[in-house]
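Consider the two complexes below, in which subunit A is the common component and subunit B and subunit C are the respective partners.
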Partner chain A sequence: MNGILIIDLILLALLLITAVATVEVRNLFAAAMISSIYSLLMACFWTSMDAVDVAYTEAAVGAGISTILLIGTLVLTGSRETVRKAVHWPALLTCLAAGAVLIYGTLDMPAFGDPNAPAQQHPLYSGYTQQNIVKSPVGKSHENVEAYNAAQAEAQAHAEHEGEHAEHHDFYHGHVPNQVTSIIVDYRAFDTMFETCVIFTAGLGLIVLLRGRKGNPLRGGLL
Partner chain B sequence: MKDNVLMRIAARWNMPFMLIFALYTQTHGELGPGGGFQSGVMIAAAFIVYGMVFGGHEMRRIVPRWVTDIAAGLGVLIYAGTGVYCMLMGYEFLDYTAIMPGNPGGGAPWGMTSVEYGVGITVAAVMITVFNEITEGTAPEDSTIIMEKQ
Partner chain C sequence: MMLAVAAESMLRTDIPTLVGGVALLTGVLLLLVRAIAGPTTYDRILAMNAIGTKAALMIALIGFMTERPDFLDIALVYAILNFLATIAILKFIRHRRLG
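Moving on to the complex of A and B:
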């Protein structure tokens, strides 16, 4: 058991506590703040899993803008939860079923930090994933470290072999160093364009639906 | 909330740092973590925090509605325009080779940067629009969020 794993366990325990607290707390302002804390803990957890881009988005969107928008909504709706029903069994069963399906779906994925997973074996990216290989529950961790060191030595030899053509060798294969951005706006550029269009359409829908409300003192703008 | 000294000072002093960090995220997107979406969200958050403390009408004095309306469309236009430029240069839609034809891979960072600016502008504008439209029903002087109201 290494130190990073202990930090992960602490973070996951805190995540569970904040998730339950978000549901249980009656004051909705407090619930919004606790869900913000949840997102911040989640961002820490992503960072620990080496998914820095996801952590960045989680911190900016989950802890930042959605908390602000939730609080903005609470001004209109009031901040006390009024009705509390007993457990709604159909809803609970639906949630449990959906969760079970999701967990069943993850069974096909390689185990976390598996040194043989395709993502760990790419020579370009293997250096980024050392921490995860060492954390892997698959096999004994010192074997994983040896496998990692062997892969590193191989990559090093490969780099030295290419050394004589260093100035012609395009290490990033024509892509920018951040592989996440490279995939999102180059490999999947079309996809991202329509994601941007979806955001634009959401804003357009808000303008069309809400801006024309009667008696609105702030009426104006282009539309 | 604007009568609260702590809130007023915190909002005023945090805003430049949030904006600078958002710009860093925007311009650094292809080198490190970050990119247009995160940067747009941070820019919007900076303005919205200002709006929450000083009132929506104060925020709209800095960022009027027509600015966010135009910016939301402009971002998509920049993104799609980059693709159309690539087509006009004789390559496929969003094939960044068109930006630097002699240097394969050299155009990618420029294309990505331009595209990320498009994403950032749209996201920032739409997020500010969301805040504007949600708090719209309240009268101008009441659109500050008064915690004591609960």
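Moving on to the complex of A and C:
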């Protein structure tokens, strides 16, 4: 039993309590506060899952901006929820079915920290995995390191074999000589496209909000 | 053999930080009770602020548990963010608008 695993388990239990409380609390201001607490705990959990960038976003957007937006909405609408007791059975069944499908989907995934997972064996990422094996708590045992070394040698042999077919080998390393362009466009094309859409939409929203309102001090100054 | 290695590495580094982490999360649980049950608005804001502080401490602690002390910088940024969010919420409640 690893130390970080105990911390993770307690964090997940707290997250569960917080999520249920957010739904069940009738005072909407309290719900906004508790959802902000959920984001803070989630940021801790992302950090312990090694996803520091996601943790930053979670803290800034989840705990910062969206709490302020929720409270801004409550100022306009009032903070008591209309109580509706009846359970909506089709909605509950749909949620349960979707959850069951998601859990069924996770059964196919490799175990957490498994050195034989495809993500660790890809020739491009061998450098990253070597760092992680040494530093991550899962990879501290000798067995994991040995398994990793064996997998690494196999991947090396595979890469040399692929080298005989030049075009095929080239496909794995991207078509573009520039590494940044290769990652952003060749490997993450869809991701990049929709990120650009999000940024464009955010810019449009800002322009709509900041211009054309009477008495706005920013009018004519900024835009 | 793997178990022995794990136990030994845990005894060497993890026990004090683990105890600290469990204590922190117990504090988070108590604050969570106050945030859910708290009769006034200010109880809840205070609980959120304190949980934010505990989250920053928790991230620093996770950094030491996974042997990456550079997580301290992230904890500092969290402390600043938490402060800003609390100020913004309080301003909103007092003046009914930002600014």
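As a working rule, the second predicted complex is superposed on the first by the 124 of 223 C-alpha atoms of A that agree within 3 Å, B and C clash if a C-alpha of one lies under 4 Å from a C-alpha of the other, contacts with A are read in each partner's own complex, and residues count from 1 in each chain.
Throughout what follows, a contact is a pair of C-beta atoms (placed from the backbone, for glycine too) under 8 Å apart; a residue touches a chain by one contact, two chains touch by 3 or more.
All of these numbers come straight from a predicted model, not from anything done at the bench.
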{"item": "Touched partner set for A:A43, first subunit B, second subunit C, both or neither", "value": "second"}
{"item": "Touched partner set for A:L69, first subunit B, second subunit C, both or neither", "value": "first"}
{"item": "A:F29 touches, of subunit B and subunit C: first, second, both or neither?", "value": "both"}
{"item": "Which superposed partner A:L204 touches (first subunit B, second subunit C, both, neither)", "value": "first"}
{"item": "Partner chain in contact with A:Y56 - subunit B first, subunit C second, else both or neither", "value": "both"}
{"item": "Contacts on subunit A seen with subunit B and repeated with subunit C across the two complexes", "value": "29, 52, 55-56, 60, 64, 68, 71-72, 75"}
{"item": "Residues of subunit A defined as touching subunit B within the complex", "value": "27, 29, 52-53, 55-57, 60-61, 64-65, 68-69, 71-73, 75-76, 78-80, 170, 172-178, 180-182, 184-186, 189-190, 192-193, 196-197, 199-200, 202-204, 206-207, 210-211, 213, 216-218, 220-223"}
{"item": "Subunit C residues touching subunit A - in the complex, by the definition given at the top", "value": "1-2, 5-6, 9-10, 14-15, 17-18, 21-22, 25, 28-29, 32, 35-36, 38, 41, 44-45, 47-48, 51-52, 55, 58-59, 62-63, 65-68, 71, 74, 77-78, 81-82, 84-85, 88-89, 92-93, 96-98"}
{"item": "Residue ranges of subunit A in contact with subunit C within the complex", "value": "1-4, 6-7, 10-11, 14, 17-18, 21, 25, 29-30, 33-34, 36-37, 40-41, 43-44, 47-48, 50, 52, 55-56, 59-60, 63-64, 67-68, 71-72, 75, 135-137, 140-143"}
{"item": "Contact set on subunit B toward subunit A in their complex", "value": "25, 29-35, 37-38, 41-42, 44-45, 48-49, 52, 56-57, 60, 65-66, 69-70, 72-73, 75-76, 79-80, 83, 93-94, 96, 104-105, 108-109, 111-112, 115-116, 118-119, 122-123, 125-127, 129-140, 145-147, 149-150"}
